[in-house]
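Pasting the structures in now, so scroll down.
Below are two complexes that have subunit A in common, paired first with subunit B and then with subunit C.
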Partner chain A sequence: MFSMKSRNLRGRRFLRIPQKFILPILIALVFVSGGTVFLKYAQAVEKEPIKVGILHSLSGTMSISEVAVKDGELLAIEEINAQGGVLGRKIVPIIEDGASDWPTFAEKAKKLIMKDKVAVVFGCWTSASRKAVLPVFEKYDHLLFYPVQYEGLEASKNIIYTGATANQQIMPGVTWLLKNGQKKFYLLGSDYVFPKTCNLIVKAQLKAEGGTLVGEEYTPLGHTEYSTVISKIKAAKPDVVFNSLNGDSNVAFFKQLRAAGITAKDIPTMSVSIAEDEIRGIGAENLLGHFAVWNYFMSMDTPDNKKFVTAYRARYGKDRVTDDPIEANYFGVYLWAKAVEKAGTPDPLKVRAAVRGLKFKAPEGEVTVDPTNNHVHKIVQVGKVKSDGQFDIIWSSGKPVAPDPFPSLVSNKIVLEPGKIVDRKK
Partner chain B sequence: MGIETLLSQVFNGLSLSSVLLLVGLGLSITFGIMGVINFAHGEFLMVGAYVVYVLQTLFSKLYGHGASGVSFLISIPLSFFVAAFLGFLLEKVLIRFLYGRPYEGILATWGCSLIFQQMARNIFGANNVDVASPKWLAGGVEVMPGLQLPYNRLFILALTTICVMGIYFYLYRTAQGRRMRAVMQNRDMSACLGIRTRKVDTYTFALGSGLAGVAGSAVSLLGSIGPSTGQNYIIDAFMVVVLGGTGRLAGTIAGALVMGVLNPVFELISTSSMGKVILFILVILFLQGKPQGLFSLKTRALD
Partner chain C sequence: MDTKTDKSAIFKLKWFALVMLLLALAPFFLSDFRLNLFGKFLTFAIVALGIDLIWGYAGILSLGHGLFFGLGGYCMGAYLKLQAEELPDFMGWSGLAELPWFWKPFHHSWFVLPMTILIPILFALLIGFPTFRARIKGVYFSILTQALALIFVTLFIGQQPYTGGTNGITNLQHIFGFSLAEPATMRGLYVITVLMLGMAYLLCHWLTHTQLGKVLVAIRDGENRLRFLGYNPTLFKVLVFAISAGLAGLAGALFVPQVGIISPSMMGILPSVEMAIWVAVGGRTTLKGAVIGAILVNAAKSYFSENFPELWLYFLGVLFISFVLLFPQGIMGFLQKGRFEWATIILRWREKRFAKSSSPNGLPHKCH
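Coming up: the complex of A and B.
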């Protein structure tokens, strides 16, 4: 009891002294820093710069993936600025943190559009965050570049989807496995919308193309205990595990799979959410010989990709890696800049019209924005994990595959133009 | 279902129990004994996991890649001391102002948990980091075709046994442990008898945090090491302690065994998500009938 009394006294004395000064000091700081920033910009820029928004989770659980995508977007902006900007104007990125929280994404999207008056937003990763900002972009009729492969069944006129649809990643991956004699599939995924929709497509495809399903399992996001799942897989004796786990669970699954004595030679896995960046956290030794299907791999041996990888590493460090979603919005920024030049204005409505049908030589090869559904034509490749954490590219579609956000296997809808989706005629 | 599936399920159950017990052990001391609902407990676990990573990186720089076996062994006690020291600081700076104020305690420790996570992101980056398992823990004992007991699981079983025996010895065979139990049973009377309860609180909290650090170094063999690692284990740890009954070591052991053995069974007959739902429903129903948990401490304190 004595101690409590003296503690309270101490606490009060501690607070009393600085309180008077805190507010004036803070106000002074704000004015000084605000003033310097303003002066700096006023001097440096002759023509009014074009503001673009960048909206990713820079904190919270999703920052694991999104920080690197943000870095890719900033790199593209810096490169374009170094070449004189667009329409002779510099691009100024305004970066907002979605904090892995979907309502925050919607709020920040609104702030970027209404308060900062940006010309375009590059951002999001999870489908949940995209679905959260979609109404905002539709309400203000604005423009978003979304960089991640996703489950499809969407074609908004306000979004340019630079990642893959199911028929540009999942379906070719399944077909490739079936052609290689892997007929018995075990489907493993995290328990949310993307893996479930993805596996709906896989199951329909197995039925149509002559494969069999020997097991299907979903684990909660962040699940860490895979011994029972591994027992089930062992008992089901599949030819291949089709893996759509996301996040930390992949680390636990592959570490425990290897400890249970199962290597890629016994039961290979085909993953749709593991890229070079994720391999670093899982450990290449745990993934050796397993497969992944993507549109872009860091190990692609083309001059455009070498230039991109060199620039990315020079800017962010030798130990950094590039991967599919990073590349998708790196060329997303270039596509936007090209569309601005074509439209002659950064106005989102005009740019949106100009970007349709536009071609660009991306690190993965030539990409084209599909004029009917706002997705991108891109090549598909299968890679096999090597001991250095890079992929050995063992199959490629050779030429770009047209995007189909509403595959006929799981949907009876068809896109007439972005935002205009109708039932398929029988 | 073959015999090897059945046997491997028994082993999975024991193995999961040992992980749960190791993670819950520290919490059973801070939450069970001290009554502090510490949401930052998982972050001490994360700290322990990062200690393994830092030490391994250091060792492979100094002695080459072959040193991971040695560095892992050293990192276990080091995890304990680093996490215990952080726990010591946290208790001194924050927790001791919050005894007897559980709601503020929850909010404050939850805030700490977020701060620790973001600090880890700033220091180590948001991505998971990779720790290579030591060579001598790779592979496993092949009991029969189709049934391999991984060495790392066996190692965690052994480590948990050692930790439990150590804690038992400390609590029931040393003077400090006796003081700890005395304070937990009747704080005012202990204070009257000359025990410096403040000091005991600090060391108890540090001990619980240190155990979380050990758990962190162990689970680095099984799962991810990243800023959110602690979050993956915290709910299970609370469940183990609540189910077991607060304040007794035997309760925590029983809680971990029940959850660890039943979870794989439910998972096998349904799915991973449903297995957990069934288990949690059963635990909640059980706690309705017996809110003090499997084992409870008989005290004369009115609280």
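Coming up: the complex of A and C.
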């Protein structure tokens, strides 16, 4: 009882503050706390994260390829965030599944732009999905980074094409073969827009550069029975098979080709859609000695590439491989971030203007966004498949090749400025 | 499916008017994006009505309605494409320099608008008449319709110069002079979709409440008896197949301007099966169920894929399986049956509580 009383007394005495100080102290407290709250609020407004959209097929037939590209984009975002983000703001990815279905791609693109109000979208793989979202990006005057080599004949002001166009992959590939004495071509492709347009270009090139066409065949996507095609190839006796098959058809074709006793020494193939990731599915033993033409190979011996491969494997597992499309939007994210810094805002219109002419040291070497056609200047390389599933780089253009989405061989159009395409004057 | 008195039919139409009004008011409380999405769901609801007519009432499961949806969609797509470009871009890059003759009529809206419905109907007649006359039914008919959908997908992909191949027809700009980029155009299209859905509903309601509806149910429940009674089931089957194909075509034509693309991926086997799932989830033999099922399944699809982009397919799969296990009659079937069963459960509970005396014969012993 006594002890309690004394504690109370002690407490009162300790807290006794002269009355005249109470008001100033209260005012000071209000100011300090109000100030901190305001500062925090101001910081929060300034440091509000930048939302970016990631739109790939995470389910369906295309997911096998597109998930890896999504991983590459997320890696780049994580790396940039670890370095403090862009404009001091964190990048927050919003991931959507295009589900290998083109109308779904259009729906999700609308959702990312209208509902989430993202600053940019990284996404798509097939030309079909790009064609499906293109009107959406043009309608809302937004920005898409598209990472895959394609057939060209397109140059939207709303798309930055970080993959190769025809004159940065298909055409140098054909020229390289012709110079190496492979004159008789057999064209084999899947039955859709990329292989068909690709072969349109190859045929024009053969005519112009002195090659001959001994056969041309298209099979539906997902086709797996190639014995007839292989007999036709045997009968036609080409110097090379120019292969633009896509997806799992490649597995069937190369296994059956090898089973028929045809190796790369007898009839080599040049593929435009087989990268390191696909080799894992087909099996390196079935592809040994065959050729592919790309802008980037995982086996490139440069410090930038080693850093990229190490980071990718550290993040996603030792058995994972990097390849051309993965790399294309990995540096695509960096290009965008650099453009945001340059523009001082994530506003898509301003970033679009800022990205033009921008240079970046990508894993494949220095890349530059072309100021007139929104494609990227990049080097071209030919690789030969080794037994470990990697490519032996046997030819390189040395310096970056300027993109020409409308090659004069097949088109009479010319890009004047982004989005402005006119007929070439005769 | 039961015979309804006129009074209840009128009561139902009052509800119908109320729902229509609510749908028509949706533009005031939905964002442009959600409205556009909802408009798409409503076009799917039109397909579901047609499938309910043939599957729910006549008992014929067609797994190829994507084909009719696609045909209607391609007609509309061709028209819109020609509005945007003199020579469609895919013809250009496929090496075609001039518009093929069968594309030329698609310049005119007076030709296209009826054709979006007539072409699917014509196809259904061509397929339906020999099939039903040969008395192909049940699972064989389902397989046949699936094969047809597959054939058409292969054809449309293969004929890239004429159809746009895998890409389909995209990059559409205007409809009747209105820009498709304008939110106002989208709202207009939404209202038209609501009107068309209402008309389709009334048509199906009317059909199922006339003699024809009873004949359809009779085909489902006892085709041979019907034949004995002097009816010719073939004609009725062909008729209902054609009507449901026409509805699918109409839906396809409404889908294209709202989504901005039509491609073979919308007419294949997968979307066709999905269409049957909508009706199964909503409840067969109830027109309301078909509409609710189509909207609900697609809303769930969008919701799950937006919130769980890497897992949504599993959620959807679980949803379908649990629906089939828990509500084999669909939502409407559950609600109708449920009303009765809840009553029995409550009564049984009361019986146990208040009358502990042994009277097991008081209620029907029903288990499910």
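What we mean here is this: the second predicted complex is superposed on the first by the 380 of 426 C-alpha atoms of A that agree within 3 Å, B and C clash if a C-alpha of one lies under 4 Å from a C-alpha of the other, contacts with A are read in each partner's own complex, and residues count from 1 in each chain.
Just so we're on the same page, a contact is a pair of C-beta atoms (placed from the backbone, for glycine too) under 8 Å apart; a residue touches a chain by one contact, two chains touch by 3 or more.
Since this is a predicted model, take the numbers as computed values, not measurements.
Student: Which partner does A:A99 reach: the first (subunit B), the second (subunit C), both, or neither?
Tutor: Second partner only, subunit C.
Student: Who does A:D277 touch here: subunit B (first), subunit C (second), both, or neither?
Tutor: The first partner, subunit B, only.
Student: For A:Q256 in the superposed arrangement: first (subunit B), second (subunit C), both or neither?
Tutor: Only subunit B is touched by A:Q256; subunit C is not.
Student: Touch check for A:P220: first (subunit B), second (subunit C), both, or neither?
Tutor: A:P220 sits against subunit B and subunit C alike.
Student: Taking the superposition as given, does A:S59 touch the first partner, subunit B, the second, subunit C, both, or neither?
Tutor: both
Student: Which of the two partners, first being subunit B and second being subunit C, lies in contact with A:V229: first, second, both, or neither?
Tutor: So A:V229 only meets subunit B here.
Student: Regarding the shared-chain residue A:D191, is it in contact with subunit B (first), subunit C (second), both, or neither?
Tutor: A:D191 sits against subunit B and subunit C alike.
Student: Figure out whether A:L134 sits in contact with subunit B (first) or subunit C (second), or with both, or with neither.
Tutor: Second partner only.
Student: In the superposed arrangement, which partner chain does A:A204 touch: subunit B (first), subunit C (second), both, or neither?
Tutor: In the superposed model, A:A204 contacts neither subunit B nor subunit C.
Student: Common interface residues of subunit A with subunit B and subunit C?
Tutor: Residues 59, 191, 220, which sit in both footprints.
Student: Provide the residue numbers of subunit A that touch subunit C in the complex, in ascending order.
Tutor: Interface residues on subunit A, with respect to subunit C: 58-59, 95-97, 99, 101-103, 106-108, 110-111, 114-115, 126-128, 131-132, 134-136, 139-140, 151, 153, 191-193, 196-197, 200, 220-221.
Student: Subunit A touches which residues of subunit C in the complex?
Tutor: It is residues 31-34, 36-37, 40, 90, 92-95, 154, 157-158, 160, 165-168, 170-173, 180-181, 259-263, 265-266, 302, 305-306, 309-310, 312-313 of subunit C that touch subunit A.
Student: Using the touch definition from the top, list the residues of subunit B that touch subunit A in their complex.
Tutor: 1-2, 5, 8-9, 11-12, 15-16, 19, 97, 118, 121, 125-133, 138-140, 142, 146, 148, 150-153, 198, 219, 221-226, 228-229, 231-233, 263-264, 267-268, 271-273, 275-276
Student: For a test of understanding, state which residues of subunit A touch subunit B in their complex under the given definition.
Tutor: Residue positions touching the partner: 3, 7, 59, 61, 63-64, 67, 191, 217-220, 222-225, 227-229, 231-232, 234-235, 248, 250-252, 255-256, 259-261, 277-278, 280-285.
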